[in-house]
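Shared between the two complexes below is chain A, which pairs with chain B and chain C, respectively.
Take a look at the complex of A and B:
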């Protein structure tokens, strides 16, 4: 199934940085929404911001209207996403590879707790590996190490779960 | 070793079973609640049809009835609208429509700079599920212009204007001057304008084109479109919902 982009994706000036402040804010919001929805739809955790990358091509280079996103605009979008905890650079200093969370850490923690309650896991012990690999129909299937660690740390801080650690690394949780 | 494997296998199956059970209980509960909600909503509608005159005449009953409807997730605009559709008492419906218009203008202003295509506005109002189900509740251009007339007492901030072939609702205090209107008229047809288009078709000097366009861009009404190797274009946002 193809991802269906919203109509604004075919609006030529959407690819140019808008001078009006309010417009620009709205523009960035729309872009973030598209990137997150696209990655979620395609189940992409790692996005390469490189023109030769197929996903980059599809999101940021619209052949139908012959527009490609302005580099400064893209940079601003990524910065805003990092600020809102929707993504981060995979390696420090490498601005081409980002880890996309789809949802921010807070939204993920709510999701995971909801699933724990729903599936009757209260009181049980789950390993990180299980969470990542055992439930192919759940949204968090294949969730990246870094994201799941952050989510679990947050849940521990909120006293929703207790983390089990080995050599300072979270390996499981008790709910 | 194989025993342990068997145990983990059993555990896994058991957890899975519990999970499925949990999911099905939740979704069943959810379905039941949704059905109940629909039953209540239908009951409210039936009650309304039966007691419409009393509800309309008695202010107190009407207020309470509206409150109940809204508590059950029916949009207040829809409540007001369905309560007044058969009578000439349209003021509540109109007031609610005014509120809705202001709400939509407000939430879309960052994208369109305060100039929304009437058709887009109507589409946004008529997306409410109740409105879709009951065609009598559907709002029309006349309803909007009636509501806007009503809002005139608050000043000229909301105004129905014609640009090119289409009607727009302008929801910013500034008026459009003649040059700006000419630009928007052209943009309504082509989707965009450029300096050379304005020079060639209106015979304007370059400076005049730049001043007029700049003002529209800095108000957020036109969107800037820079493309390497091409002349810069300025787009009108009503084009977003056009099917190219």
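Take a look at the complex of A and C:
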């Protein structure tokens, strides 16, 4: 199945920075929405912002209308996504590889708690590996280490779960 | 705030279960690793056959076989582990159930202690005493009223009855009363409290009247 881009993706001005501030804000929001939906659809956690990359080609380089995203615009989008906790750079100083969360940490924590309650896991012990790998039909299947750690840390802070650590790394939780 | 799961305590049981689960995860990872090795051996074997290196192909297949038996072992072990985890988790649930039963039993015993027979009997005795006392009191209070006061009470009752329209035909009842009175007077001529009896009879008549009149009332709207 192919990802179906919204109509605005075929709109040429969408690929350049809009001068009016309100329009620009909306433009960035739309872009973020497209990126998150696309990555979720394709189950991509790591996105390479390199022009030769297939995913990059598909999202940011629209061959149908012969438009490629403006670099400054892309940078603004990424910055905004980082601010909203939707992504982060995988390695410090490397601006080409980003980790996409699909949902921000707060949204993921709600999802996880919802799943715990729905599946009657309350009171049981779960390993992080188990959360990532044992439920292929759940949205968080294959969730990246870094994201799941952040989610669990947040849940621990909210006193929804207790984290069990080994060598400073979360290995399991009690819910 | 106010969340029931706010303070989650990790017990030694929890840690033991976690260790088992971590072990299971490790086995799962090893299974993936061996599976990938097996897949690679198959590719190599195919290559060797294509290049007509049959000996090498056979060697590779033997390697593959060994890996497969390893994988089998791993699977059995991980199954045992899984079973152990399930048993422990189930036992923990059973423990909770027993604890719950114990608590329930304790409460039941406490309630039963409060409801012991002697206490109930004592309460019942007390109640009978209280009822007797109440009756005695009523009797005494009743006797306290003088005859004159009794009369006044009767009069007031009659007045109220007339006021509320339960008695319509005063004269008729009066005639009835006098008819009965004459008979009764003949028998009870010498008793000092005759007027009281007359009045009491008239009350009884009045009560009969109430029933009759009620019937009349219920008929009126139907006619109209």
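Everything below uses one rule, namely that the second predicted complex is superposed on the first by the 175 of 175 C-alpha atoms of A that agree within 3 Å, B and C clash if a C-alpha of one lies under 4 Å from a C-alpha of the other, contacts with A are read in each partner's own complex, and residues count from 1 in each chain.
Here is the rule we use: a contact is a pair of C-beta atoms (placed from the backbone, for glycine too) under 8 Å apart; a residue touches a chain by one contact, two chains touch by 3 or more.
Note that the coordinates shown come from a computational prediction; the quantities given were computed from them, not determined experimentally.
If you put the two complexes together on chain A, you find that chain B and chain C bump into each other. By the touch criterion defined above, A:25 reaches chain B but does not reach chain C. Using the contact criterion defined above for the overlaid structures, shared-chain residue A:65 touches chain B, although it does not reach chain C.
When the two structures are aligned on the shared chain, A:50 is found in touch with neither chain B nor chain C. In the superposition on chain A, contact of A:13 is made with chain B only, not with chain C. By the touch criterion stated above, A:79 is placed in contact with neither chain B nor chain C. Of the two partner chains, chain B and chain C are each touched by A:124.
Of the two partners chain B and chain C, more chain A residues are in touch with B. When the two structures are aligned on the shared chain, A:33 is found in touch with neither chain B nor chain C. Of 6-14, 78-86, 96-104 or 132-140, the chain C stretch that intrudes into chain B once chain A is superposed is 78-86 (criterion: clashing C-alpha atoms). With the contact threshold set out at the top, residues 124 of chain A are in contact with chain B in one structure and with chain C in the other. Residue ranges on chain C touching chain A, taken from their complex, read 3, 5-10, 14-15, 17-18, 21-22, 25, 28-29, 89.
Listing the residues of chain A that touch chain C in their complex gives 122, 124-127, 129-130, 133, 159-162, 164, 171-172, 174-175. Listing the residues of chain B that touch chain A in their complex gives 12, 15, 18-19, 21-23, 26, 109-111, 113, 192, 217-220, 223-227, 233-235, 237, 239-241, 244. For chain A in complex with chain B, the touching residues are 7-8, 10-20, 22-23, 25-26, 30, 64-67, 70, 117-121, 124, 134.
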